[in-house]
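Every chain is named by a letter (A, B and C) in the order it is written, and numbering of its residues begins at 1.
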Amino acid sequence: MFFQQLINGLTTGSAYALIALGYTMIYGILGLINFAQGEIYMCGAFVAVLLLATGKVNFITAFAAGMGSAALLGVVLERVAFRPLRGAHPLVPLISAIGASIFLQSLALLLFGPNNRPFPVQFEFHTITVGDVVISALQGAILLAALILMALLMLFVRYTRYGKAIVACALDRDTARLMGINVDRMVALTFLIGSALSGAAGIMMAIYYNATYPRMGLLPGLKAFSAAILGGVGNIPGAILGGLLLGVAESLGAGYLSSGYKDAIAFVILILVLLIRPQGILKGKGH
Amino acid sequence: MLTLKSVQAGYGRLPVLKGISLHVRAGEVVTLIGGNGAGKSTTLRAISGLLPIWRGSVEFNGLNLARLTPEKVVAQGLALVPEGRRVFATLSVNANLELGAFHRHDKKQVRRDLEEVKERFPILRDRAHQAAGTLSGGEQQILAIGRALMARPKLLMLDEPSMGLAPRMVAQVYAILRKLKADGTTILLVEQNARAALKLADRGYVIETGRIILQGPAAELQEDPEMQRAYLGKGYREVWE
Amino acid sequence: MTAYILHLAIMAGIYIILTISLNLIIGYAGQVSLGHAAFYGIGAYVSTLAALNWGLPFPVALVLAILLAGACGLALGLPTLRLKEDYLAIVTLGFGVIVDLILLNLDITGGPDGIGGIPAPVFFGVSFRAKPLYLILVGLMVLFTLVLTLRLVHSYHGRALRAIRDHEVTAQVMGVNTPAYKIAVFTLAAGLAGLAGSLYAHYISFINPETFGLHTSILVLSMVILGGMGSIVGSLLGAVTLTVVPELFRRFHDYQDLAYGALLVALLIWRPQGLLGGGKMSLKFITRRE
């Protein structure tokens, strides 16, 4: 049972980690919580599912299109709901983000209806049974894909010109501008990357739970934020660690304590972290 | 090369610069001296585009910089070594230097310049892979200068490079500046440390509460009685009632 | 028709109390609560249980609702109000989810079915079941809330709060105990939301968790923003407007949330001070740029 829950937790945790990366990167560069991150996750899932349902595109194309649309939505959102408010009291963009989140959620509800959509492509996944632990190849694939995306992000931030420029903007915006870095462009790039990762997470979870619906992003979005705080806001490895830990904690909690309160576990952890170690496990720049 | 004509600027509604005019010719080292809050840093921020200019003009090689963003100003060939060094603490020394050349697209030349800067400042080669935040204050200042040089500036602006450094490090930083001067680099140096700055500079300006109150060749300024009293600490005596 | 207008007036009154209480948090503590409906729900359920299960008279149930909602606010505010504003937003949102789950899972709350048959308030043998009487009760409570908040806002403590909101560090340096102030405001606001909850429960006589979810929190937030952050009179206007206008556009009910979302973003971009921003109660802090 323990290992079973561990594996399940790592699978959902990898989705939390991917969304948390978006939160953490955007927070790092703008000091802003993008409340609509969960809706971006939902957008990625919907685009992939709708494309696949037409039966005319293959899985890889649909996946890429889902990620691409999520990225585009993120960039548009930054342009419309955040950029005009830069420099205002921090409450203002925060509330604007909430507004954007509600808007997107209800838009999806109007466009797609409230019902669950199953994932249109059936995958034949083998399951491996070790003792009494059942691991499906799907879980392995999700975990692997998430890890690859995370590794790509880390490489990008560490070794590319634009990656370093994003870090520079997060550390010291004025000095970054003195280097000739266009901060607006880097902010847009950050939204692009963070949103693409959230979109990917959305598609993965749409396959895993075989469900796509307008409010699917609400709880994963909130939980991923808790994960980002758990790991230390603004800290990229921290977001990954926080996401995976949270997924596992939630899964174990649901298994051993009570499944009815599964969704509360993340928030209890969040409140505990804020009480005990507000800077997170790996030190972040938040608070 | 650089000409400021009655520049006014400030923060919010508060005016700080109340009409600054100064110029820097190619190959010159010019210093801007003043006390705390006189408007020295504000002048540099206004030139580099970080602070909008309310009135007046900033011309650089015939181009008006007054409406340009900092990104564009750098591309014109003005690099600023900001006050307090402002190195990117969690990035490596190498990454800091590379970011200095962010706006340049001549990759090969950038790589050559990187080698050259590290040649000039061996300490940066030794620490190339260390996080910039782990360097000492003096080393960070050298890094900040190296980073600005990576932009291949036509004009190098420095904001109080001696601030907060131990005397030994101040001497080292000024040795670097002398070397740059000898190589023909045009420099606009803002300083509170008037003595050191005037020794290095060809010409100087003294700024007080947002206005230029004195200007002239550095040698003359050093001899100016007002200057000596206020900034060089000569002829100071206690006044007893 | 009269009954319908009375109903709207009563609901507007309840929303006014909710909006003012949230505005205290936003406009005076510089924080945002996204779980305000949870306090509203706590008030409603506590009052209901006190009246139905323990047979307590309405005034006692009402006070219990205020106290318990306030206590939850205190417990939530203590760890989080020392941190940046974003944390409280998320924590309160999480709190909303937790409260929702508890209401759905407990036996005593009736789970998703909720509780019905809540008695109308009785004061000194007079039942307030009739709508006109209930409106008077709600009106009195609104008046109480208004007097309380206006007196607070215009007192020495109100100035301290504004100082915190505009510049926390400066306020601290001047000797204002900022965390204590924020916690006090948050507790008070939660208590007022509890009051609104109690009024709602005894009016509608049936409650279930759905009423106290994120949707309501966002609605109240929209009322605050529309009226103007920090403007108590604005809150009045915001609450009444967003109670009445959706009724006029009933046909477009499905678009309601969409409109609230768009309204929030649009207001903040084009009119961050809200409807009543021009007056003396406007907050310069909102439009202040770096």
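To be clear about the criterion, a contact is a pair of C-beta atoms (placed from the backbone, for glycine too) under 8 Å apart; a residue touches a chain by one contact, two chains touch by 3 or more.
It should be emphasised that the depicted structure is a prediction, and the values quoted were computed from it without experimental measurement.
Participant: What chain sits nearest the middle when you go by CA atom centres?
Facilitator: Closest chain centre to the overall C-alpha centroid: A.
Participant: Based on mean C-alpha positions, I'd like to know which chain lies farthest from chain B.
Facilitator: Farthest from chain B by mean C-alpha position: C.
Participant: Counting in whole Å, what is the centre-to-centre distance of chain A and chain C, each centre being its mean C-alpha position?
Facilitator: Measuring from centre to centre gives 31 Å for this pair.
Participant: Using CA atom averages as chain centres, what separation in Å is found between chain A and chain B?
Facilitator: Roughly 43 Å separates the two chain centres.
Participant: What is the distance in Å between the mean C-alpha positions of chain B and chain C?
Facilitator: Chain centroid spacing, chain B to chain C, equals 54 Å.
Participant: Hunt down the residues of chain C that sit against at least two other chains at once, touch-wise.
Facilitator: Residues of chain C touching two or more partner chains: there are none.
Participant: Can you list the chain B residues in contact with two or more other chains?
Facilitator: Not one residue in chain B touches at least two other chains.
Participant: Taking the touch rule as given, give the residues of chain B at its contact with chain A in the complex, in rising order.
Facilitator: Against chain A, the touching part of chain B is residues 48-50, 69-71, 74-75, 79-80, 82, 86, 88-91, 95, 98-100, 102-103, 147, 151.
Participant: Which residues, counting only chain A, touch chain B once they are in their complex?
Facilitator: 161, 164-165, 167-168, 171-172, 174-182
Participant: How about chain C: which of its residues touch chain A in the complex?
Facilitator: 26, 30-32, 34, 76, 79-80, 83-87, 89-91, 93-95, 97-98, 101-102, 104-105, 214, 218, 221, 225, 229, 254-258, 260-265, 268-269, 272, 285-290
Participant: For the complex, which residues does chain A have touching chain C?
Facilitator: It is residues 32-33, 35, 80-81, 84-85, 87-96, 98-107, 109-110, 218-219, 222, 225-226, 229, 260-261, 263-264, 266-268, 270-271, 274-275, 278, 286-287 of chain A that touch chain C.
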